[in-house]
Each structure stands twice: as structure tokens, then as C-alpha cells.
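For reference, the structures are reproduced in the following blocks.
In what follows, subunit A forms one complex with subunit B and a second complex with subunit C.
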Partner chain A sequence: MIPACPLSALPRGEAVRVDADVPIAVFHTEDGEVFAIDDTCTHQDASLADGWLEGCEVECPLHASRFNLRTGAVDAPPAKRPVRTHQVHVEDDMVYVTLSEEEPNLPPGVSAGSAGAAP
Partner chain B sequence: MSRAMNRVVVVGASLAGLATARSLRVQGYDGELVMVGEEPHRPYDRPPLSKDFLTGTTDVADLTLESNGEDLGIDWKLGTRADRLENGKVYLEDGTSWAYDGLVIATGARARTDVVGARLDGVHLLRTLDDALALREGLRRGGRVVVVGGGYIGSEVASTARAMGCEVTLLVSGTAPLHHALGPHAVVVSDLHHRHGVEVVTRARVTGIRPSGGSLVVDLADGRRLPADRVVLGTGAVPATAWLAGSGLELGDGVRCDATGATSLPGVVALGDCSAWFDPALGRHCRVEHWTSAVDRAPIAARTLLGGEAPTTAPRRAPYLWSDIHGSRIQMAGHAELANSCAVETGSVAEGSFVAVYRRRGHPVAVLGVDQPKHFMSVRRRLVSIPAVPSLQGASA
Partner chain C sequence: MTIIENKALPESFIKTLPGSAYSDPEMFAREQELIFEKMWFCAARSADVGKPGAFKTVQVGRESILITRSRSGEARAFFNICRHRGAQLCTEESGEVKRSFQCPYHAWTYDLDGKLVAAPNLTKMPDVDRVEYGLRKVHVREWLGYVWVCLAEEAPTFEDSVMGDVRTRLGDIESIDHYGVENLELGRRITYDVKANWKLIIENFMECYHCATIHPELTEVLPEFADGFAAQYFVGHGAEFGEDIKGFTVDGSEGFDRIPGVTEDQDRRYFAVTIRPQVFLNLVPDHVILHRMYPLAPDHTIVECDWLYLPDVVASGKDVSHSVELFHRVNQQDFDACERCQLATDSRVYADGGVLVPSEHHIGAFHEWVLNSLQGTD
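Take a look at the complex of A and B:
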């Protein structure tokens, strides 16, 4: 379990990238829900925390793939593989992320430790 | 549905065609769906062809546009071209003809080849998967590569070829690569090419390419002769609409459509690179070759074809494109041509990382970002849709 950020530092509609071996993106939706998924798009190396958050979906900032934050499912291509989701809980204003034990679906050319290496 | 829809024929088996097929199914169409493609391949993604696919970082399987297990119930007619459209039927080169209740035209564009010597061995185009496989093979052999073209494809291929170890010269007809697209900010691309060792020749006019002792020579109008082991032509594309001559469809620079994809023939829509939709923001028909436009317009064209409820008047998202050049991400959204002012708001052009915001009477109408995805996205979300702000309409800025 890793402390991600204080909830009060993450306004609704915003996201934050948390550095880890496989980086995590934490989203605070307009409805007040908090979700955590792998930050790297499964299609190509891009940070989903930089993406377009709408409802319970994030659109990749690069190629417009859309992922469901709750399930990680692909809602719009070009991505084909789901993004990994992580459990989140908030305690004393701190957002904690429990990492999934599944294998991440990283894009071609990206491995754990190198995600987000490109600008 | 206002007309009986039992068979929809989609001509063009690439991004626009597949996206429309998906939208038709999502919107409840459960009739026959025939998809015609000139290439033998199932739909694949083209943007990587000038980037990661050339280097080999991504491979054929990564390009597939269909998801694993996706079944849209399509009757595929691949490896055959549509030859003509006549009296409510599409005639294919394989001799078959297909009557339709609805027709989707998504035949894309072809690379321009109007350079003397364009068909020589060692001269490459880059439009299709097979083009890219041939070019990949060629670039792996290294040597001297001359890339012709001042647009995104030219700069992307130059950057990729350089990364693969080739000696690269980029010829552009204007004052700088991507000057047409990026205006004064195009200097960032020239800087990138310079830093990575691509030689750029501006105001170059190619008079021809000819063979010379086992390799090639590119002749320029000013008398210069550039030796090359291979040449890549990235000199733009023309809409693939020749097969529609005599069909009764209104053709200009692409199939002319209204703002919902409807053409001048009933039951026929067009989208993607082969089409010129009426753009309410610009007040004219405009052919857009962007990946995202094809995807964004697919549900609109599908709804038009199915005759469902009137298209939504909700503001559409501004056009968006991206490019990767020498490891830098260039992103552009909106209509920069409508702006009367532009300012760099983050970073600096000299440092090669910035966001420039284009405004019309104070409202943001376009944004350009280089290696600033987060800030770029925040401005892109605020871009004003011109028809939504009546005071911004009108010819003068």
C-alpha cells in the first residue's frame, strides 16, 4: 500500500501521477470518486494522468483511447488491452493505493521501470 | 430508421471505415455489413508507419485496429478495389457488384507521386503497411537517405531514418519543415533536425530522381545533385475518389459532404481522408486528414446514414493531431488559421518545450504543444467552438 497524495491536494476533475516501478495515475472525478489505474496507456507510452477526464472515463492525451476508471476496460480504440486498476482508500485525507497483483499491460517498447521515460 | 436498411456497404477498410462499422452496430444496425478494402489486410493503424513501426519497436500485430475477439459481423471483401459507383450499386474490380441500402465511402487518400523517377527502385512512398515494410527493409541497410516533403510525414520519416543510423537529408519546398502547419513555431522542428544531425534543405524544388551507378541522384532546380541510396517521397496525398467519377456525387477536393457526412446522393455518406465536410467553424468545406477526425466523425456519419434523430448541436471537439519527431511530441488542436494573436504561455520555443495558445478576440481557438502534454490538454479542453460563440463568427478577425 502506498500513500499517493492528500485528497485535499487533488481537486475534483484532476489527476496526479505517482512514481512507482510501474507509475500509477490517481483520479478524482467530478462526482467525488477516487480511482487509481496504471498511468501508462496500454497502446503507447503516454501518461494517462495527463489525459482528458470525463465522468468515469479517461481519454489518453496522445491518441484518444478511452479507459473506464472503474474496470480498466477500453471504451474507445486504438488501445486494445485494458489498463490495470488498483484499490484505493482514503484515510485522514490521505489517498492510499493498494497495487494490483496482476501483470501490467504496458505498451510495446515499455517495461516496468522505463514507463514514462519518454517526455 | 427512415429507410429500410438491410445492407450497408463500406468502401475502405481502414480506420474511418472500421470506426463507422462499429458505430453502425452500436447504434443498432443489425443488417448485412459488407466492407471492401483494396489492400489484403484487415484494418490497421497508420500513424505508427512513419514512427515506431519503421524502427521495428511495434510490429504488424500491434497495428491491428480490431480488438481481440471483436466481431462486427462484417462480410470482408479484401484485396479488391471499388471500380465505380453507378445506379445504386458498387462495382468491384473482382467483377462482383453490390447493391446497397446505405453506402459509406471511406477510401482515404493516395500518396502523391508526381515527381519524375517516382517509380524507380529505391524510391519509397509511405501510405500503406506494405510501403512501410519495404521502407523498413531499406532503412535497415543504412546509407544516404533523401526525404522529400515539408509536412509531418517528411519530418517523421527523416527523424526515424536518422534514429536508425542513416545519413539523412530532408528537402522542403518552403522556408522550414512544417512551416505551413506551425508558422513561426516551426523553428522548433528545424532545431530538432539540426540537433539530431538531419540536414535540411529549404526552398528545394526537385526536378527529378534518376538512377546513377547502382544508387540514385536527386536533381534540384538550382543545379544541386544529391546522391542517395534511397529516396522517400512525403509530398502529400490526394483523395482516392477517382473511382467515383460519373457517380453523380459532388466531388471537389474530396467527396463534398454537409456537416453530418451526408453527400449529394441519398443513402451515401463519406468520411475520413477522402471527404471534405462542411466545417461550421470555418464556414467552408474542408478536407481533414487527421486520425481523430475520422474517429470523431464515425458516429455522426453512422447516424446520418441510419436516419436517426437529428445530429446533436453540441459543440464538436476541435480537430487534433500529434506527431513524434526526434523523440519530441508535437500536439496541435483547433483552428490556428482563425486566430489573430498567439502567445507562448509555458516554456520556450528556443528550449524546444512549450505551449502556444492561439486566440481570436481573446478566446482560445487553437493550441500547439511540444513536450507539454498536461498543459496542452488543459488548454485543449478550454478551446472555444466558434459556432458556439456567435461574436467570433465573421470573416475578419
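Take a look at the complex of A and C:
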């Protein structure tokens, strides 16, 4: 379980990228729910935290595939594989993420430990 | 280039610019660099980029400029070029994006404030500042319901340059405030593709020596235009409507209600203002006509002309054709004349240019301004 960020530092409608072995994106929806998914689009190396949050979905900022924050499922190509979803709980204003134990679906050229660091 | 003093010239005459000033690609390139890319340029109607993400691309000098509106409602203007490998970002003349501009080449993605918000592998380049590598910004100002841009590193003060030209012509800035131009709405827009140099179009607009010959309808409405002076010769003077004229229309028939702020002194009069380097403003009691020029080549200028009315005139669908037709004819008559002059600019007998009669002598000051601007000594 990793502490991601204080909830008060993450306004509704916004997202934050959390550096980890496989980087995580934490979203605070307009409805007040908090979700965590893998931050990297499964099609090409792009940060979903930089994407466009609408309802319970995030649209990849590069090629517009949309990922469901609850299930990780993708709606349409170019991304074809889902992102992992992670369990979230908030305690004393701190957002904690429990990482999924599944294998991540990372795009070509990105592997665990490589994303987020300068080459 | 200097205006050649000709001792033999009768006192009534002063010289125009030489013919080459209207056709020489090098001269035009210097005008693009030192005039259109240095001064405030009226680029788009505010309502044409009325909501966040609405955009227009326009040619300003040698550059393509992208004009849009941010989420907070402020007009923004950028060089229309991706910061990555220089691909043109938007190729459409106008349109609307939902939330970002994306380069079609490598998908570098910019928000409506120009900030780089996403790019492939961007998270692997944490040293890249997203504002620093955002779209290159251009100075922006909204005035009279239009978006004005300035491509210079340091823009001249808007108050001295743009508003200064209005003040010089009308005598003060309050005179234009009376028309509430920013609150008027577009009744009609006509775009003219003119095969003439932009300076010929300005010179034509500045004088009225031609009015009685080529503008029969306008001279009927404004009889004093037959004396050849009027238009822009006297400071603060507006040409008065003829006695039998009811409105500024093609047949002198009734126009619309007077714009509320217009004063008694301004009623039944036509005021014309040139805002250098590419705007003409025409003020009459019930509407305003605004011309914007987009110089594209030495012999090619696009002129976009907007007829602006009180919101209720536009909303109620009133027939504006009688007032539009008057200045539409004037435009056609003027641009035909400018095209006719353009044809002769390379003639050997116009190499030294022509002459200006006394009622055109104020055009000499425009020529001096152009030449000074090109020497950077305005």
C-alpha cells in the first residue's frame, strides 16, 4: 500500500501521477469518487493523468482511447488492452493505493521500472 | 527608397511612391516584416472565436497565426506551428476544438492556453518545461469587438498606435465610444479578393477626389463628397447626409434606429477612419462598417468587410440589404479602381509614380509613414 497524495491537494476533476515501479494515476471525479489506474496508456507511452477526465472515464490525451476508471476497460482503438485498476482508500485525508497483483499492460518500449525515469 | 523631388513639378502636385512600391516582392517582404509583423493587426471578429476552443487561422505578415479562446474566456493567439518539428498545427481556416490542439504529425498536444499538455514519451522527459515548450504566444487585445494581435516581441502601446489613429481622425476617443461598436452584431460579411497592393486600397480610402466619378450612389447620399475633399481630409469632420436623404442606404431610404450613444453632432453624418496598417472604420448613425485587409502578396489583398448593427436589428431579422448594398457597391467600385491601378504599376511610364492633387496631399503623409516604417525610424 502506497500513500499517493492528500485528497485535499487533488480537486475534483483532476488527476495526479504517482511515481512507482509502474506509475499510477489517481483521479478525483466531479462526483467526488477517487480511483487509481495504471498511468500509462496501453497503446503508446502517454500519461493518462494528463488526459481528459469525463465522468468515470479518462480519455488518453494522445489518441483518444477512453479507459473506464472502475474496470480499466478501454472503449475503442487504438488502445486495445485494459489498464489495471488499483484499490483506493482514504484515511485522514490521505489517499492510499493498494497495487493490483496482475501483470500490467504496458505499451511497446515501456517496462516496469522504466516509465517516468529519463532514459 | 526615397520620394524623388522633382523641381519641375507644379506646386499643385506632389509625387506618389514609384510604381515598383506596389509590385516589388522585396518591398512587400519588408512591409510584412516591419509593418504587419510589428504593429497591432486586427485579426478576427471576437464573436468568430466566441467560445472556448473556437479558432481561426489568419495570415499576419509572413506568419500563420492561430486565434482561439481559453477556458477562462480570454482571447489567445499563437504562432500556428508545433514546437516539436514545426508542422503547421491547424490547417483549417476556422473550426472548433473541444479542449486541445494536437499536431497531426507526432501528436504533441497543447491546451487552449498553449501549454504542452501531452506528447508521446513526455513523462520520460521530465526536464521538458511544458510552458516553455508550449505554443509561441502573440500579444492579444480585444477592442471594438475584434481580436487584435501583435507579433512583435514588444508590442507598441495599443493606446498610442491603434487608438491614436482613431483619436487623430475623430479628434478624440470618446467619439467612437458613442457608437458602442463592441456591442454591435454582425448583420452581413462580404469578403473581397482584390488583385491590388494593400497601399493602393488605403490610398483610395483616404481620398474622395474619385467619389463623384465612381461612387454615384454614395455621392447622392453624401453630396459634399463631390467636392473631392471630405472623407479623411479634415480632423473630426463627418460628411453630412443630403437634405432629402433619410438614411445611409443605397437609395437614401430610411435606415434603422440611431445607435443610442450617437450624439446630435454625429447624427446624419458619415465618419471614416483608417487604423494603420489594415483597418477601415466607417461610422454612420445606425450602423458601423469595418474593413480588415489581409495582404497576401504585392498584388493580392483579401478584404473582409463586416456590417454591424444593433443586436435587435440582427435578432429581429430586419432587412439590412439597403444599407449593405450602398457600401458593397462602394467597395466594388473602389476595388475595381485599385485593380486598374495595379495593372499599371510596372509600366515604364509609371516607374517614377504619379502625382497627388491638393485634395490628396494628405496621402503623402501616409507614404512618408510607410517609408519611415521600413527604415525603422517611425
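Everything that follows uses one rule, which is that the second predicted complex is superposed on the first by the 115 of 119 C-alpha atoms of A that agree within 3 Å, B and C clash if a C-alpha of one lies under 4 Å from a C-alpha of the other, contacts with A are read in each partner's own complex, and residues count from 1 in each chain.
Just so we're on the same page, contacts are C-beta pairs under 8 Å (C-beta built on N, C-alpha and C of every residue); 3 or more make two chains touch, one makes a residue touch a chain.
Just so it is clear, the model here is predicted, and its values are computed rather than measured.
> Which term applies to subunit B and subunit C once both are placed on subunit A by superposition, clash or fit?
Here the two partners, once superposed via subunit A, clash with each other.
> Examine A:P23 and indicate which partner it touches, taking first as subunit B and second as subunit C; both and neither are also allowed.
second
> State whether A:P108 touches subunit B only (first), subunit C only (second), both chains, or neither.
Only subunit B; A:P108 stays clear of subunit C.
> Can A:P77 be said to touch subunit B (first), subunit C (second), both, or neither?
first
> Which parts of subunit A are in contact with subunit B and also with subunit C?
In subunit A, residues 44, 46-47, 50-52, 61-63, 109, 118-119 are touched by subunit B and also by subunit C.
> Spell out the residues on subunit A that touch subunit C in their complex, using ranges where they run on.
17, 23, 39-40, 44-47, 50-52, 61-63, 109, 115-119
> Which positions of subunit B touch subunit A when the two form their complex?
Going by the criterion above, the answer is residues 45, 47, 52, 57-59, 62, 64-65, 67-68, 291-292, 295, 320, 322, 327-329, 331, 353, 371, 373-374, 376-377, 380-381.
> Could you pull out which subunit C residues touch subunit A in their complex?
That would be residues 99-100, 102, 107, 109, 117-127 of subunit C.
> Can you list the residues on subunit A that touch subunit B in the complex?
44, 46-47, 49-52, 61-64, 74, 76-78, 80, 108-109, 118-119
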